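The next block holds one structure in the form of structure tokens; read it before the comments.
Labels A, B and C are assigned to the chains in the order they are written; within every chain, residues are numbered from 1.
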Amino acid sequence: MSGREMLGIALAAVAVAVLACVPLMLGDYGLSLAINIVSYTVLATAWSLFSGPTRYVSLATVAFFGIGAYTTAVFVESLAWPLVLLIATAVSIVVAAIVGLSTLRLSGVYFVIFSFGLAELVRQLVTWFEVNKTRTLGRYVFADITAAQIYWQLLALAVLVFAIGFWIGRSRLGLALRAIGDDETVARHSGIDATRAKVALFVLSTVFMTLTGAIMAPRWTYIDPAIAFNPVISFTVLIMALLGGVHRLYGPVLGVVPLALLFEYLLARFPNHFSIMVGLVFIVIVYLIPRGIAGLVEGAVRKPA
Amino acid sequence: MLFEVTLSGVTLGGMYALVAMGLTLQYGVARIMNLSYGELLIAAAFAALWFYSGLAINPLIGLVVVPPIAFALSYAIYRILVQPLVSRAKTRDALEVDSILATFGLLFVIQGVMLALFGGAYFSYSFLAVPLKIAGATVAANRLLALLLAVAIGLGLYLGLTRTRIGTAVRAVAVDPVAAQLVAIDVRTASALAFALGGALVAAAGVLVSMFLTFNANLGVVFTLKALVVVIMGGVGNLLGALIAGLILGLVENYVAVFVDPGLTLAATYAIFLLVLLVRPQGILGRSSR
Amino acid sequence: MSALLEVTNLSRRFGGLLAVDALGFSVAAGEIVGLLGPNGSGKTTVLNLLSGVLRPDSGTVAFRGHAIAGKPAHRIARLGMARTFQLVRPLASLSCRDNVLTGLAFGRRNAWGTAARTDADALLDRVGLGRAREALPGELTYIDQKRLELARALALDPELLLLDEWLAGLNPTELEEGIGLIRGLSGQGITILLVEHVMDAIRSLCHRCLVMNTGRLIASGLPTEVLADAEVIRAYLGDETDA
């Protein structure tokens, strides 16, 4: 490990320590904003972990987020908390593996289409199940978890997603993914099992999304399929990751912070026109900042040299 | 009973086929994966509703008025929003990703406008809601009319694409944009036309759908999704394939809704989609590429 | 002696075109075999069928005793079959060293870490790219990109190397060097099947030649015999100036 990396890790440790103190310093509103930012940091980083190197645009974030939230809603009162998280992880692995194995060996567009409808599908299946089997549409989530505890769990998850992202970047899997992103045929001819690499990464990224949903669920106290599988979440994650830049591990977080604050403002100011505003922001990003803030920063750093 | 369900399945399938034909033009010819496609359908349905209940204008007149507006709008969207992406994309993959992202943003803008105007409630209006008896089965007159009109529009499109000069140009671009350029076809114009024509088709479908289905501002995504599934099932760029796949999807959905559970129709759609991906990813009538 | 590669009755159709038509041939270990034929005769399709880019419609391919027809490309690569592409396809965002590392990490060597990096550098030296280890492929000349692609193929530690017009477009000095390099690889025990139009290279390198026309094998034998064969000359007519 080089000296620069050691320095980076030391700085990251200090940053995490400072961030861990946030609940002690902020009031309720500040804390809820912080929870929002950290949860989107996990989601957007996990999203670009898969979509960045493979260039498969996943529109399914909320499908997994919602699976996590529902797992919590169903089991939180009867099972120990770690067990709930374990079940959420297991369910998302199964779903992601099925989706990945059936679409990721084909060209990217099939995956996009499938992921596009996945949240809608899961939402309808959950609705169908609730209406026909449990005969209630909504569920109350009574958990003995404070907002600060939720924040700390999300922070731990964020540390984990960065650590895994860092590790992948230096591992064989990372090399395989970069090769696949460049030219899949050539990658396969170098002995890379491209389908397996993509499915593995997709599963990994969705586990983080699911866990975020599971941890966030107690914040709502009441959930129904429309809340848990709200497509705006997928959309928000996508736009944050793109604004930040998906080519670097630290990229998405650069998009999360400004957009979380902006959306907070827009939602308070224009609650009825939120979707239009967000759509416009998104289009501006796609057209004007295609490589994200991380790309702009790197471009600016490189130019003088 | 079975005949009745089949008949209404065919109606629904005819709509899906029409919707998918427009999308296959946009994706197959203009090479733009348009995720905001279904929003235009819902917008057209709202327009027909407004004509009928607000201005007391017959939806059939709406069918004449709305598609040309959608054509112009889609043409403008292509020229203003899509063309810059086409120019900047280095590869076809890059264009695909860019167009998916841009139209995903557009989806939320259009949906947001409709939500602001109409809210999230379900709408419908009563037009020709009289039962007709056909061979012992009962079918609503508006459904039958919608089906007949869909068939007429689809047939007109097919003839237009196969029998006219400009239609041949559009098909040539679908097969090979580079080679089309070599025989002096203006690929940009042909792509813009195909994209706009796709918009007009989906708007026509929207007017037809509004005559017999209830709809709300959030339903566009579902139509986009089904159109995409039909396009993939039929083979990208293949009009006949879209027709067959649309009918299959409509029938299966209707059978599932009636004989199994109405809450599982989307699951049925997905089951078919998965089956196609596993068995024949190039589509029912698609040709495997080299 | 059993063949390293045994192809029987291999066919592949594209729409109405039978690109490869009931092809059969074998390659023994240690041979350098030339696969010749006019443009469009199906040579590259054969390579694509062998290396797993395409699935054959019918027929069998046995490589080192394993049936590989229709198997995925990464499996075939790991068995020890490597190839280059007619139009060079370097992995554009990876440095030259990382390009070679892909083959080392995921091929038969299964190497990673410092040792793999040393091996990668040695392979780059071997093809004459020792000065450009950290460079991105886009910064290389066309010829050097071809060298990079060869180094990446060699990283798989192949027993059979498929070269798709690897010598095309080289100037006389580079051609001399390239021929020497291929001969060296052969001397090391690597079997080579090369698709080539450069007749000088074929005459000086190949032990044996196969000639294809419209998807079928029309001749096989020593290079001098084959190139004098009447049917071959007819197939090439108009293409003679290349020779």
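Here, a contact is a pair of C-beta atoms (placed from the backbone, for glycine too) under 8 Å apart; a residue touches a chain by one contact, two chains touch by 3 or more.
Everything numeric in this text was worked out from a predicted model, so none of it was measured.
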Notebook entry, point to check: Considering A-B alongside A-C, which chain pair is linked by more C-beta pairs in contact?
Noted result: A-B
Next item on the list: Look at all chain centres (mean of CA atoms) and spot the one farthest from the centre of subunit A.
Entry: C
Notebook entry, point to check: How far is the middle of subunit B from the middle of subunit C, if each middle is the mean of its Cα atoms, in Å?
Noted result: 47
Check: When the centre of a chain is set as the mean of its C-alpha atoms, what distance in Å lies between subunit A and subunit C?
Finding: 43
Notebook entry, point to check: What whole-Å value do you get for the distance between subunit A and subunit B if each is reduced to the mean of its CA atoms?
Noted result: 31
Note to self: For subunit B, give me the residues that contact two or more of the other chains.
What the structure shows: none
Next item on the list: Mind listing the subunit A positions that touch subunit B in their complex?
Entry: 55, 57, 59, 102-103, 106, 108-110, 112-114, 116-117, 120-121, 124-125, 127-128, 131-132, 231-232, 235, 238-239, 242, 272-280, 282-283, 286-287, 290
Margin query: Under the definition above, what is the set of subunit C residues touching subunit A in their complex?
Written below: 51-53, 72-74, 77-78, 82-83, 85, 89-94, 98, 101-103, 105-108, 112, 152, 155-156
Notebook entry, point to check: Taking the complex as given, what residues does subunit B use to touch subunit A?
Noted result: 33, 35, 81, 84-85, 88, 93, 96-98, 100-102, 104-113, 115-116, 221-222, 224-225, 228-229, 232, 261, 263-264, 266-267, 269-270, 273-274, 277-278, 281
Checklist line | In the complex with subunit C, residue positions of subunit A that touch it | finding: 172, 175-176, 178-179, 181-183, 185-194
